[in-house]
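Okay, got some structures for you below.
What follows is a pair of complexes built around subunit A, which joins subunit B in one and subunit C in the other.
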Partner chain A sequence: MKQTASTRAALILLQILLAIFVLLPFFWMFSVSLKPPTEPFAIPARLWPDDPTMANYVTAFRPEFRTYFLNSLIVSGASVAITVTLGLLAAYSFTRGQLLVLTALMSLVVLAQMFPHAAIIIPIYRMMRSVDLLNTHASLIIAYVSVTLPVAIWMLRGFLMKLPISLEEAAAIDGAGPLRVFWDIVVPLARPGVIATAVYVLIVTWQEFLFALSFTSTRNMRTLPVGLNDFIGQYGIRYGELMASSVMVSVPVIAVFFFLQRYFVAGLTAGAVKG
Partner chain B sequence: MAAVELRDLHKTFGSFVALERLNLSIEDGEFLVLLGPSGCGKSTTMRLIAGLEEPSSGEILIGDRQVNDVPARDRNLAMVFQNYALYPHMTVAENIGYPLKIAGVARAERADRVRAAAATVEMEHLLTRRPGELSGGQRQRVALARAIVRTPRLFLMDEPLSNLDAKLRTVMRAELRHLQKKLDVTTIYVTHDQVEAMTLADRIVILNDAKIQQIGAPAEIYAKPANAFVAGFIGSPPMNLIEGEVAGGRFHHESGAFDLPDQPDGPAVIGVRPEDLRVVEAGGQIDGAVFSSELLGDVTLLNVRVGSALIAAKVGPDEGRAMDSTVSLSFDPARLHVFDGRNGERRG
Partner chain C sequence: MTAKDRWIIWLFLGPSLFLLGLFLYWPLVGTVIDSFYDTSFISPEPRFAGLAVYERVFAGRHFGDVFWNSISWTLGVVILQNILGFFAATLLNQGLPLQGLTRALVLMPFVLPGVVTGLLWRFMYDPQLGLINSLMILFGVVDDSAAWLADPDTAMAAVIFVAVWKGFPFSMLIYLAALQNVDRSQLEAATLDGAGAWRRLIDVTLPAIRDVVLVNIVLTLILTFNYFDIVWVMTRGGPQHATHIFPTQIYETGFGQFRFGEAATYGVVSIMVLAVLVALYVIVQLGANRRRRTA
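What follows is the complex of A and B.
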């Protein structure tokens, strides 16, 4: 499509405005995290503090933060590992299996995505209580796997459907059994899909608040999003420390995303078959 | 190396019959080509032999052993796919060596055999590349090397040349033929290209509508097609087929008639190859008007409109004619092929 100079300029301007719209809250979060307690509400508002300080970070990095961080890491890490493993196996059967019952099951998987968390949290809470799993990592991992798995299956199925079946047939003729075909051929080729799905599960579980708040009541089991709540008290909100904590919570996910984003675009199947 | 036998092999997909009670014996070391238009059942036949599809009924024997229930991985055959099916995440060496790795061949021996196979197809200088960095012809060679790296009982090739350009196809065709004779491995080759079939095959099996139309050596099929379908499929350009009626020792078609002795009365299809036709100004058996005249270098291809049909004639390079000029086509009656007008079968 040919673009005139003026439409190009308009598009670029629009993109800049959108970028500002999206990035401003993050910038504000960072800016407030560097302001001393008196400054967040100074009038006129300042974009950047006159006297940046790391004091908020020092306070925010308290022992509880480290516990919360470790809890988040365990819960999210286990959820990612379990969801991606189960998702890949399930998606592979949904893609390559020819049974009618699988088609029906796939519809159920799609259906399972449609329930809002708020609607299922009470039954899940009761289940967790009846098996005595409240206040454990397991309760959150089970809940997170069950809500992210349908989307994970859906995402991975999309990736696997793009893999040419002739590669698996070639491997079978080369002498590989079904498990070997899956491990040697399907898993390496599905890597961009696996990574994209893992990042999705990580983002969802890292920021999850509702389940984490409901299923954990003791400090030593809390995850980061719930932990941020500590700075919101009955009589006031400690914005500086809250924003400093928020920055520390966001950095790992942003880092992971930046590091792995090339997998979202790079297709590994280039050259596999004549296109 | 092994002989292959298909007994009453039948395959349906739902209500669609892909292959109808096929019987075929393939000899040890033979280069057999399955030829036919798309959807005729040739690829299905190959996939059944490979074990990638299960027959609805019938038997598949490889080297005297029934293999119906043997999975593809245990049939010890090698297949070259139309799209090459190279593993994109592996290097050329890893691709070629994959069958050996699965078979548990030790690393050092594997490397030797990979190098030897790569050398056979002149790819030994590209062993560290990945398939994405290769040209179509190179990928094709890697696929071949992967097939020959072990000594399979059978080579299966599913239109392996169809994705190459015309020039490379001619080169690869000769190389394939040479390689197959050198290795002396039974080969089943699927194609819809009759030139490939004619040049490669020891025997050709022509399939149409899920059934075998004719089995024979290329020369035999060319000289004596079993029915009108085969006649119209083999040859470049294919045989001219003229529909009409035999009555009283003459063949009547929509724009004329000529003598056709010793044939019973009734509907018939007359076949005559383009190279058996001569162009004369008048007095030939068939009259028509020139539709097009194409100089191909060593010959001129003359398309002549006869009634509603176009008849192709191969004539000398300087025998081209102006469009719409009236010509008469003459032929030796002994070179005619006569098919039954009702079922298309050859009339003897």
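What follows is the complex of A and C.
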């Protein structure tokens, strides 16, 4: 479609405004994180500190923060691995098993995406308490796997539906059993879908707050979002440190997202656009 | 797959079905059961109370607030997020310079953890130290420091704004994918027929992506209605209950005050409200589709 020069200039201006709207808070977070702890806050706020320093990062990287980080890493890492594995197995069954009952089960999986976590958390909390799992990594991993599975199955199912079934049929004719076919043909071909789903589970679990807040009670079990939220009460509001911590919490997941973005976008939109 | 190999379907499906049943469907039943029992901090043993808990919740001081807050929060975020998401998708589909980079950067709020988003914006809204008032004073929009989150009249709008900021990239992503499927030749034919940008949008683009709009709105409706982290971190439902929505109210009633029966009742009501919202929207859309087809 042809654009006149003035339309194009207006569109470029809009694009710049959109970028500023999105990026200004990020810029501000970064700028405040570099402010020397001794430099008082300017009123009105200044966009860039006079003397940028990493001091806030050094202070913020205290032992508790490292514990939170490790907890988040364990919980998210395990959730990603388990959800993707179970999701792929389930998606394979949903796409390859031609049984009527599977259609009904798939509707139940889709419906489960709708459940408000706040509305089901208390019974889950009680179950965890009765088997003595509260305040453990396991309680969070179980909860995270359960709540991310429906979307993971849905994404992977959309993906497996698009794989050519002829390869699997050919392998079956050559005498490969169903497990062989799954492992040698489906798993390698599903890699982009697996990556997309893994990114989704990582984004969700890295920031999960409600379960982590309710299920963990001691500092050595806190994950990053809860630890960050505690920050306010604990140290008054030291914004420089808070913003430095925020940057450190956000960078890993933003970095992963940027590297694997194209997989994620393809995986998510395949399902959504197909409906 | 031969009938002999059917066992593998159930072997592969088993773990997922077990987890979904035990940790999503069974707790849902548990919440419904809990909502008929009374518990409190003083008497933690649940006692059967029938519909008494519902009566108490409905008659309670805060039920109306929570209900209407949830509605305005959900509608506000969903509508604004989809409009902005669609606008951004259209804009970043024009082949302007740096389009790829801008698309990638615009996605950043979507990945930013909710708690970080809440804390960052709480700071942005700070009456003295925050960037928003500083900019507004600089540009002469306000001459006095406004306490956006502390004022019951502005708190909800302020929180909605943040949720839209974080949520619109997700909608943009889905609209961008949908726009790739719009038939270029139809758009060009419409242009030749003298249709302006607005007519092309209404007559060609929107009908072509109708299904995606439906999916997108239902998805964002569910996600928004069930939101917890940003609201909790920014306002904890305050000031004066002005931003309490179902999830924050349930959390506070259950884990804050140990009134599990009432929390469960709020939970059941919230599921019903959400189901009604989704059903209403889908029915309206399907009705509109049918009229369109018969017209």
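Note that in this section the second predicted complex is superposed on the first by the 241 of 275 C-alpha atoms of A that agree within 3 Å, B and C clash if a C-alpha of one lies under 4 Å from a C-alpha of the other, contacts with A are read in each partner's own complex, and residues count from 1 in each chain.
One rule holds for everything that comes next: contacts are C-beta pairs under 8 Å (C-beta built on N, C-alpha and C of every residue); 3 or more make two chains touch, one makes a residue touch a chain.
Since the structure is predicted, the reported quantities are computational estimates derived from the model, not experimental observations.
Taking subunit A as the reference, the larger set of touched residues comes from C, when subunit B and subunit C are compared. Legend: residue contacts after superposition of the two complexes on their common chain; A:A19 is shown touching subunit C, with no touch to subunit B. Legend: residue contacts after superposition of the two complexes on their common chain; A:P188 is shown touching subunit B, with no touch to subunit C. After overlaying the two complexes on the shared chain, residue contacts for A:T136 are found with neither subunit B nor subunit C. Contacts of A:A90 after superposition: subunit C is touched, whereas subunit B is not reached. Of the two partner chains placed around the shared chain by superposition, subunit B is the only one that A:A176 touches, whereas subunit C remains out of contact. Once chain A of one complex is fitted onto chain A of the other, the partner contacts of A:P164 are limited to subunit B, with no touch recorded for subunit C. Counting contacts as defined above, subunit A residues 172, 177, 268-269, 272-273 meet subunit B in one complex and subunit C in the other. Interface of subunit A with subunit B (complex): residues 164, 166-167, 169-177, 180, 184-185, 188-189, 268-274. Against subunit A, the residues of subunit C that register as touching in their complex are 1, 5-6, 8-10, 12-13, 15-17, 19-20, 22-28, 30-31, 34, 88, 91-92, 94, 96-99, 102, 104-116, 119-121, 123-124, 128-131, 133-135, 137-138, 165, 169, 173-174, 176-178, 181, 187-188, 191, 211-212, 215-216, 219, 222, 225-226, 228-229, 232-233, 246-248, 250-251, 254-255, 260, 263-264, 266-268, 270-271, 274-275, 278. Subunit B makes touch with subunit A in their complex at residues 50-52, 71-79, 81, 83-89, 98-99, 102-103, 130-134, 136, 139, 146, 156, 163.
On the side of subunit A, the complex with subunit C involves touching residues 1, 3, 8, 11-12, 14-15, 18-19, 21-26, 28-29, 32, 41, 43-45, 86-87, 89-90, 92-94, 96-99, 102, 105, 108-109, 112-124, 126-127, 142-143, 145-147, 149-150, 153, 172, 177-179, 182, 203, 206-207, 209-210, 213-214, 224-226, 228-229, 231-232, 239, 242-243, 246, 249-250, 253-254, 257-258, 261, 265, 268-269, 272-273, 275.
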